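Quick one: this structure, given as C-alpha cells, is what I'll be asking you about.
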Amino acid sequence: MSLSHINDSNQPGMVDVSAKNITPRAATAEALVHVNEAVAAQFDGTDLVSKKGPVFQTAILAGIMGAKQTSNLIPLCHPLPLDSVKIDITFTDHTATIRCTARTTGKTGVEMEALTGASIAALTLHDMCKALDPAITITQVRLVEKTGGKSDFGGKAETLKS
Amino acid sequence: MSLSHINDSNQPGMVDVSAKNITPRAATAEALVHVNEAVAAQFDGTDLVSKKGPVFQTAILAGIMGAKQTSNLIPLCHPLPLDSVKIDITFTDHTATIRCTARTTGKTGVEMEALTGASIAALTLHDMCKALDPAITITQVRLVEKTGGKSDFGGKAETLKS
Amino acid sequence: MSLSHINDSNQPGMVDVSAKNITPRAATAEALVHVNEAVAAQFDGTDLVSKKGPVFQTAILAGIMGAKQTSNLIPLCHPLPLDSVKIDITFTDHTATIRCTARTTGKTGVEMEALTGASIAALTLHDMCKALDPAITITQVRLVEKTGGKSDFGGKAETLKS
Amino acid sequence: MSLSHINDSNQPGMVDVSAKNITPRAATAEALVHVNEAVAAQFDGTDLVSKKGPVFQTAILAGIMGAKQTSNLIPLCHPLPLDSVKIDITFTDHTATIRCTARTTGKTGVEMEALTGASIAALTLHDMCKALDPAITITQVRLVEKTGGKSDFGGKAETLKS
Amino acid sequence: MSLSHINDSNQPGMVDVSAKNITPRAATAEALVHVNEAVAAQFDGTDLVSKKGPVFQTAILAGIMGAKQTSNLIPLCHPLPLDSVKIDITFTDHTATIRCTARTTGKTGVEMEALTGASIAALTLHDMCKALDPAITITQVRLVEKTGGKSDFGGKAETLKS
Amino acid sequence: MSLSHINDSNQPGMVDVSAKNITPRAATAEALVHVNEAVAAQFDGTDLVSKKGPVFQTAILAGIMGAKQTSNLIPLCHPLPLDSVKIDITFTDHTATIRCTARTTGKTGVEMEALTGASIAALTLHDMCKALDPAITITQVRLVEKTGGKSDFGGKAETLKS
C-alpha cells in the first residue's frame, strides 16, 4: 500500500492570523439588482410593496443577519465579532443599489462580511419580487472600499467591470 | 422612474459599537412557567420526570445552547464571545422559576443572551410536559439585573408587571 | 469496575413518530409584551418607531425565521418542513399581542414552532425597545389552538393563567 | 392609548403552500465571476490554484452547503428536503461561469436554493482570490431555468441583462 | 486565455435521489470512549458525575441535537426529516459504549445521522471529563446496522476492526 | 406542593472564564480512519477518488467548517474567535491519519475545536466512501497536544490507547 502525505499547498486551509494585530477594520460592498417594469411599478417612494411584505426592509434585515453567518458560509473565513453591519438601498430606474458596510475590531478584514450581507440582501429582494419578474438579475457584486488592514482598497474612483 | 434613498431612520440597523470600551458585563433574566397538577405531580424533589426524560436538566442545556444562538436569532444583536451562561430552576407550587445569567467581556451587554437563554429553557420545559398539560403558560420573562455597561439595572426591588 | 446500562426512562429521547400518519397540522401561539409609556409613545398607528428601525416588522421577520429554527433550539423536537408561518401583532394600551400560526403537512404537530415564533418575535421587540424600557416584560406565552393531530386543543374559551 | 391591528398586507409573511401539490421540481441559476490577469494566470487547466487551496473545488462545496442553508438565510423561504444540488464551473477569458441546479420533490420551487448555491460559490471564489484581485466582481446572478411548478421559466433563449 | 469545463467526475457533488422511493429507513452507529481511573471513579451507577454536570445525560442530548445537524456538517448529505433519534450509553470497565439509532421515512439512508449522533455524544463526553483525563480516546466509531435501503448492512456478527 | 432549588452541582453548567487571561492557545487532535481494499484501491497518490468527488479535500473543508461549529455542537463549550484551523491527512496501509490543529487568542482552550474538526473530517471521509465500504471504522480520536493554557499536554511520547 502506498503512502502519501497530502501536500498542504494543494489543500484548503485557513490563513493563520495568530500574529496579526487587532485593529478597527471596515469594508463596504455593493450589489445592484435589476428589475422589470412590473416590479418597479410597485415602488411607493420608500420601498417596493409586494404580496410577501416590504421588500427593502426585509432585504436589509436578511442582509444584516446573513453578514453574521459569513464564517459559517464561506469555508475559510475566520469567525469574528462584528461591531456593526449597516445596509442601505437606493432605488432608481429599475435598479436597486444595495450597500453593506461591516465593521470589526479584529485581526482580519470584513470584506466577506460586507459582500455576504449585500448578496443575501440582493437574493432576498429577488425572492420577494420573483413572482412579478423571474428574470431579476443581480450584478456588480463587488468590494467598494476597505480600511484598517495592511493595505486599504478603493474609496475613490474604482472602475466598474461590465 | 422615481429615485429614493431609503432613509436610515426608518430602516433596521445594528447599533455601531466600534467606539465602546471592552468591559466585563453580566445580565440576569427570569422566566416563570406555570404547569397544571398532572405535571406538578411528576416532581421528584429534584426534577420533573417525563416520558421524554428529565425536564429541568434538558431545559437547562437547551437554554445554555440557546443563549449561544442569540445573535443568530435576534436580528440586530451583535455576535460576541460569552464567558459564561448559567441557568438554574426552582420549582414550587406549580411554577418553575428559571434564572439565566450570561457574562461577557465585550463592548455591549448580554441582556438578550440572558433573556434568550431563559426563554429557550422555558420553551423546552413546555415541550417536555405538553403531553400532560397543553395549556402550560410562560410568564414574567424579563430582565432582572444588568451590570457593566453605561447604566446598570435592577438588582434590588424591581417591581413585577402583572 | 461496575457496569450499568443507563436506563432509557431516565434519559432524554425523541418520541419515535415513524408509525404516525402524515396529516395537515396547524398551531397558533400567543405572547404578550408589556411596555412603558416611553415606548408606547413611539407608536405611530402602525408600528413602534425605534432608533434601531421598525419594531413590529423586525419582530415579525425574526419570529418567522426563529420558527424555522425550532428543531435546532428545542432538543427533542423533530425537524419538519413548514408550509407556512404567519405572525401578526396588535398593539393597545401598552401591550403588544403577538400571534404566530405555523402549518405543516407531517407526522407531528407544530406547537413548538408556533411558540418559538411568538417568543422570538417578543424577544426581538424587547431588544429593539430596551433602551427606552429595560423592564419590558413578556407574559402569557402559550398555545392558543392546535389542530390536525390525535387531539385538538383550544380554539374557543380557553382560560388565561395569571 | 391607541389601538391598531397591524395590517397583514404591509407585513412580511410566508406564502402558505399547504394546499399545493407535491411535484418534482428543479431550478438552475448562474453567476459569473470576473477576475484580473493575476488570478487568471493561476488557472492550471482544471482549477484555479491559490494559497488557500483549490478555488473551484472549494467554491463548489461551499455552494452546495450554502444551498442547504437557503431557508435559514432568505427570511420567507420554506424549509424543504433537497434531492440534489449540483454545481459546475467553466473558466474562460477571465470569467468563471458558475451553474447550480437544485432539485426537490415538494410543494414549492427551488429557485432560491439554486440562486443561493451559485451566489455562495461565487463569494467563496472571491474570498479565495481576493489577495490577488480585491476588485473581483460577481455579475449576472440570475435564474436560468425552472421546471415543475405552476409555470416553467427559461431554458432556451432568455436574454441577459447588462 | 484557456478554456476548461471542470469535469464533474473530479468535483464534489451530491447524489441525486430524485428517483428513489420513499421508504422507512433506520441506522445504528456506535462509538466507544475510553477513560482513565480518575474519570471512572466518578461513576455513580447511573451516570458519570462531573463539575460540569451529568456526563451521559448531557452527551445524549448533544448527540440527538448533533444528529439533527448532520446535513449541515457533512457536505454531501441530504437534508431529511427525522422520525426519531435515540442514544443510549453503557458504562463498564473504563469504557462508555454509545449507541445511536436514527430513523427516517425518506429517499436516502440515515447512516451519517447515526454516526454523527454517536460522534457528537462521544465528543461531549470528552469535553465534560477532559479536566480529569485529557487523554480520553474515542474508538470504534462505526455503523452497526442499517435497514430500509437497497442493501441492508450488519445486524449480526459484524467484525470489529482494531 | 413541594419546593426545591435544583442543586447546581447536579446540573449542567458552563465554566465561568471571566477571570481568565487572554493568551495564545493551540491544540492538535487526531483521528484514524480504517478502510477496506476497495476504498484503498481508489488512492491516486494524492487523494482518494470517489463518485462523490475528491475525498480528502472534501473531508478537510468539512473539518475546518465543523471546527467553527464546535460551540454550537458541544453544549458547554464557549464560543470563541479562531485564528486558524488546519487539517492534513496522511494515507498509508488502509488507514487515513487526520490531524487538526486549531489556534485562538482567548480565555479558554481549543481542544474541542481540534477534536471536532478531526471528527467531522473523519465522518465526511466515511460518507464519501461508504458505498464501497460500509464498515469503515474511525478510531483513536484523541487530543495529541495542547499549549497555552494553565497546563500543557502531550507533544512527545504520549501512549496510544488500544
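Per-chain residue numbering starts at 1, and chain names A, B, C, D, E and F are given in the order in which the chains are listed.
Keep this in mind: a residue touches a chain if its C-beta (ideal position, glycine included) is under 8 Å from a C-beta of that chain, and two chains touch if they have at least 3 such contacts.
Note that the coordinates shown come from a computational prediction; the quantities given were computed from them, not determined experimentally.
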Notebook entry, point to check: Looking at the contacts, which chains touch subunit A and subunit D alike?
Noted result: C, F
Next item on the list: Identify the chains adjacent to both subunit C and subunit D in the sense defined at the top.
Entry: A, E
Notebook entry, point to check: If every chain is reduced to the average of its C-alpha atoms, which one ends up farthest from subunit F?
Noted result: C
Checklist line | Relative to subunit D, chain with the most remote C-alpha centre | finding: B
Notebook entry, point to check: Taking contacts as defined above, which has more of them, A-B or B-E?
Noted result: A-B
Margin query: What's the rotation angle, in degrees and to the nearest 5, for a C-alpha fit of subunit B onto subunit D?
Written below: 180
Check: Roughly how far is subunit B from subunit C, going centre to centre by Cα mean, in whole Å?
Finding: 14
Item checked: Centroid distance [mean C-alpha coordinates] between subunit F and subunit C, Å -> 35
Next item on the list: Express in whole angstrom the distance between the two chain centres, defined as the mean CA positions of subunit A and subunit F.
Entry: 30
Next item on the list: Could you list the positions in subunit C whose residues touch two or more of the other chains?
Entry: 10-15, 53-54, 57-58, 61-62, 65, 69, 72, 75-76, 81
Next item on the list: So, with touch as defined above, which chain pairs make the list?
Entry: A-B, A-C, A-D, A-F, B-C, B-E, B-F, C-D, C-E, D-E, D-F, E-F
Next item on the list: Going by the contact rule at the top, pick out the subunit C residues touching subunit B in the complex.
Entry: 10-15, 34, 49, 51-54, 57-58, 61-62, 65-66, 69, 72-77, 111-112, 115-116, 119-120, 122-124, 126-128, 130, 134-143, 146, 153-154, 158-162
Checklist line | Partner subunit A, residues of subunit C touching it in the complex | finding: 53-54, 57-58, 61-62, 65
Item checked: Touching residues on subunit B, where the partner in the complex is subunit F -> 24, 40, 43, 45-47, 56-57, 60-61, 64-65, 68-69, 81-94, 103, 105
Next item on the list: Over in the complex, which subunit A residues touch subunit F? Could you list them?
Entry: 1-8, 10-18, 71-72, 75-76, 78-81, 106-107
